[in-house]
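Below, subunit A partners subunit B and then partners subunit C, in two separate complexes.
Right, the complex of A and B next:
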């Protein structure tokens, strides 16, 4: 079979698989990719060596499909990953008005717009501009991360304390969500230090050090919330048109493109952070623009970060997908880059086409089954995955992460603060004093 | 008895009724009718604090668990790709020289290799960790026993490295090495101690990124020692790096183009000996069967491979590659000989072309063409070009006091000496203020003139002597050295 057909087939299989898996709340594509990489190593132990044309497009298809369709559980099941945090509130609003299908499809259109930006604007310019940008910005990356952290923490606003008599109770009411946000950030950061410097996970599985913590911080709290939630999902209407126009798409593409590109290029910055920064920078108020731009941002972040790994002469590793691939493959020429671009484009088209039937399918599913049960099944799958990869220790780390991840949910602060798990230790490392702090903590 | 439900209250939760008398109590915690305590509902606030408690306690346990566990010791051969990011300890023997990388005089990183018998792994320390290792005297030398902990980085194609996070986790036992005869050197020798005599010193060509090359001989054979300019700069007795000097060298073995080569990463590992070694004279060492003077190359040797060396007196590049060879004529004071090679060698040599006066070492097959003896070369690595090293210490230049420099004339060149202050980066270069007791001048180092490796040896506080052209720029005097050879660091 020629390389063309291998690439095409593996792209399609990866895309379809990830589209189906994306419908499960809380399940992250990086967890699946981690398992697949372990499977590829296992095959290699038995002298079965897969060609890169088989697994690289497959992984690209996985990432594109998942980043396009993970909106479905985010909107319809209210179980977002950290990059979809901002989709939840307007998305749930759509859901409660019976417009969940439309909300999902609007985000999907955003994802499609994101793919156009990625393939037709970013991809041709990346080999020329990014190495230059990288060499200019490299000495300042640490400072940039600190500025982002400061922005995340300082742009949190008090929620409460507006009414009632003056005094400590009112003060506490106003500050409790801010304090909870800070506490979440610091606890998550402390956990990040432990996991980066002295992870209890076995050394054989060290490449998945952070995975159980991420599952605990983001996936489990939402699954739990869905299970415990008493809200009834109203009947969903399947719309045959979307309440968007060209201007909305352009505004969303600009805002989301900015956020997604920023997140894909800078280390540790995720789609959620990129979305937050771009949202503030472009000051978009329209709810539709908000939802759609998150679709754009999310897709460019996940897919763009993976794509940058293959840009010839750049040597940039951003995002979990690229880090997972780094131990498996070293991109060499523009052959790899073109292959990945082709796979991304094909996967983007296929996954968008799968969006409508799968959204309909999930709506039928939640009509027939209580969506709490779906969350319960997802919770079981995620925990099993964590156990398979990282054993009991991983489950314990996941439990601790869940405790921290519940804080923003219960105190109504931003869940983005959970990203302290990466932001704090990496920013300290980039500024050169991470090991010193780790030594103070007796971790090294 | 059947429970009485008031009309319209069928859907009411049992939480708002007294479980003792069954009457409505609302949000009260004690029944106003019968005085019984009413079961309290779970407070949301309680769940919040439970979450805080859970996370803090859990984190505490995790922390305790983390610091209680011993850093796992792994064998290099057992490292797998899934161990990326693992924090591990490796025990082994240092198998390479330690390379120290500097930028603007500041140590940026250091790197060495460890071999534990199951494999070899490069170990890197960056910035503060690298500086701390140097300050604590923990820079390993080839052959030292080392135990080091750090983070593993495993990339595809078996590219693995260990990154040191804290200098305290490096434990070093310095190994005293016994002398190794040169003829016993193999690519597997690892770290060696060589005692011998310098036979030949070849300095890098000015402005070119080439290493120093020193031919060392002992009573068993010869070996080539190679090191970079920064090592030369650090040598305290540069004047002793001359032919005939006895040396003791702690080195690691490298393979370069299939030949064994001695490496030198630190000037401290090269010791100039005052005593005489009991070795035959180095020049005698060269009287080997295949190393001949040009006069000794005769037609009788046709078909044999021999080695000779000399100064290039003529270089004729082939006007029609593929049809005619390129010719180089060399002389060594005894005779001249023509070296010929074809297009494939030209392509392998690339930009490398011999200039007249260049020293050339050649290994070739003796041939006779139109009654003239030729040496045929089939591979580029059979030709080695060297610049002749200084054979005697350079004459000391006249040093001008900075305060005595007036309005600079066109192309005026002076030599000044003084202490450097903090550098300032400019586009395509760097400026170091240079002060002596009479005044100050800006020492302008263009990137194109002074290579980065050399600039790394400069730092604020160092004393230098520099020769260069004077310029007046925006009212400030500047001295611009043409190459790194125009700067001497004291």
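Right, the complex of A and C next:
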């Protein structure tokens, strides 16, 4: 079979597989990619060597498909109850208005806009601009991460203290959520230090070191919230058209494009952080713009970070996908870059086409089965995956992460504070005082 | 301006000092952090601290489905009358009307200086994103009107929407022109938004952080105050030597997307330029105007033109305004 057909076939298989997997709540594509890399190594032990044309486009398809479609469970399987309404995303409000289909399709349009930006704007400019940015910004990466941390911590808004007479009662009411946010960040940061300096995960599974903690911080609280939620999901309306115009798409593309590109380029900065910064910077209020820009940002962050790995002569490794690939392959020429771009373009188109049938499918599923049971099954699958990859110790880490991850849920603070697990230890390390703090904590 | 715009300009201001960049290259992010933190600090002081301790003379807390627009208008007018008898400012707190977990009854308060009256009208129910809930827009809702006992001099917008979370504070103080001056959010941009406060904080931290940090603090804090002066509300620039806010220059509104984004983007370009020129041996040759043109004017200008074209038929394109033109035709109660 010619290289073209191998690339095409592996892209399509990777895309379709990840599109289906993306519908499972809490499952991350990097976990699956990690397992696939293990499988490729296993094959190599049996003298079965896969060509890069087989697994690189496959991985690209996996990332594109997942980043385009993982909004489906985020919107359709995340019904908030009354008490949690201030902490939920506009996508979930769409669900509660019976417009979940519209909400997911709007992010799909955002994903498509992100794909356009990536292929037609970022990809041609990346080999020219990224080396310049890299050479100028590299000495300041540590300081930039600290600046981002400062902004995350200082920009959270008090959610209480809106009524009643002036005084400390009002002040404390307002500061409950802010204090919980700070505590979450510090606890997550402390956990990050432990995992970085004295991880209980076995060395064979070191590349999945952070996975159980992430599952605990983000996925488990979400599943638990769904299971315990008192909300009933209303009948979902399948809209004939989307309530978006060209101006909305342009605003979303600008906001999400900036956030996603920022997150893809800078180390440790995730799509959520990029989205937060871009949302603030562009002063967006329209919920449609918010939802769509998340679609743009997510696609550019995940796919862009993976794509940057293949930019000729750059040597930039950002995001879990690129780090997993680094253990398997070192990009060499522009052949790799062009192959990956082709795979991304095809995967983007295919995954967008799969968005509508899969969204309809999940809507049928939640109509037939209570979404709490679906969340329960998802919880079981995630826990099983954590156990298979990291054993009992991983489950313990996950449990600790869940405790921290529930804080923002209970106190209506930002969930983004959980990213202290990455931001704090890595910022300390980049500034050179990480080992000193680890020594204070008796971790080294 | 939005927090991120002040934050970014604070960091940008810090990068103009060579010691900021030199320290960051050696792993010390202190000056970067100080730039951002003191860039956003004036708003942090107001919105996360001061406003919770600010005492009001009158609290208007409308009861859902009970309080009418006329009730609110009457109480505001009563507050203005109270201010006639006092030397000190009368502060009126308007609370929001929460209808459910994510629903708020929006209402608009408008002061008509010409007719010497205050008008209140209920608008649609909005969600926490301030987006109207479909089907709740009143067609020709009742307008509450109350006559004011004296001429009113308005220093900010004559109309204010009250909808989500915390409602606004109105201040009324007798002026020298036999009338009353209206102050919007009198607790905001008071002492916290003074250039002198930047100096105060820098002197406070001077013994602990040194003169370099003190200069960064003054620069970042001043950047915030001066940026805010571009808007409508203005700031009390030299507190405690000045007692009231100096009028802003009315170039932009704090919530407008384009000025906020332009500030953030320009700050990023300035940071980049400072980092670039601080390199010992730059690998690439670029100039300041190249960065500004290719990185700023071209993309932002292109975006602005396309947006202008796409929203050419939209009434509110550009910035958020409160349209009260149809109120005159509404039925009074």
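Basically, the second predicted complex is superposed on the first by the 426 of 444 C-alpha atoms of A that agree within 3 Å, B and C clash if a C-alpha of one lies under 4 Å from a C-alpha of the other, contacts with A are read in each partner's own complex, and residues count from 1 in each chain.
Keep in mind that, in the parts below, a contact is a pair of C-beta atoms (placed from the backbone, for glycine too) under 8 Å apart; a residue touches a chain by one contact, two chains touch by 3 or more.
Model, not experiment: these values are computed from the prediction.
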Consider subunit A as the common anchor and indicate whether subunit B and subunit C clash or fit when overlaid. fit
To the nearest 10 degrees, subunit B and subunit C lie apart, as seen from the C-alpha centre of subunit A, by 100
Applying the document's definition of touch, where does A:281 land relative to subunit B and subunit C: first, second, both, or neither? second
Looking at the overlay, what does A:241 touch: subunit B (first), subunit C (second), both, or neither? neither
Examine A:432 and indicate which partner it touches, taking first as subunit B and second as subunit C; both and neither are also allowed. both
For A:404, decide between first (touching subunit B), second (touching subunit C), both and neither. first
Taking the superposition on A as described, I'd like to know which of subunit B and subunit C A:2 touches: first, second, both or neither. neither
Given the touch rule stated above, what does A:330 touch, subunit B (first), subunit C (second), both, or neither? first
Please work out how little space separates the C-alpha atoms of subunit B and subunit C at their nearest point after superposition, in whole Å. 5
Overlap the subunit B and subunit C contact sets on subunit A and report the shared residues. 432-433
Residue set of subunit A touching subunit C in the complex reads 82-83, 85-86, 90, 93, 131-132, 135-137, 139-140, 142-144, 146-147, 150-151, 154-155, 157-159, 161-163, 165-167, 170-171, 174-175, 178, 245-247, 250-251, 254, 277, 280-287, 290, 427, 430-433
Quick one: which bits of subunit B touch subunit A in the complex? Just the residue numbers, please. 44, 47-48, 51-52, 54-56, 58-59, 61-63, 65-67, 69, 71-72, 74, 80-88, 127-129, 149, 152, 154-157, 159, 165-166, 168-169
Hey, which residues of subunit C end up touching subunit A in the complex? 2-5, 7-8, 11, 21, 24-25, 27-29, 32-33, 36-37, 40, 44, 47-49, 52-56, 59, 61, 95-96, 101-102, 127-131, 165-167, 255-257, 260-261, 264-265, 272, 275-276, 279, 282-284, 286, 303, 306-307, 310-311, 314
Residues of subunit A touching subunit B in the complex: 37-38, 41, 183, 187, 190-191, 194, 196-200, 203-209, 323, 326-330, 396-397, 399-400, 402-404, 406-407, 410-411, 432-433, 435-436, 438-439, 441-444
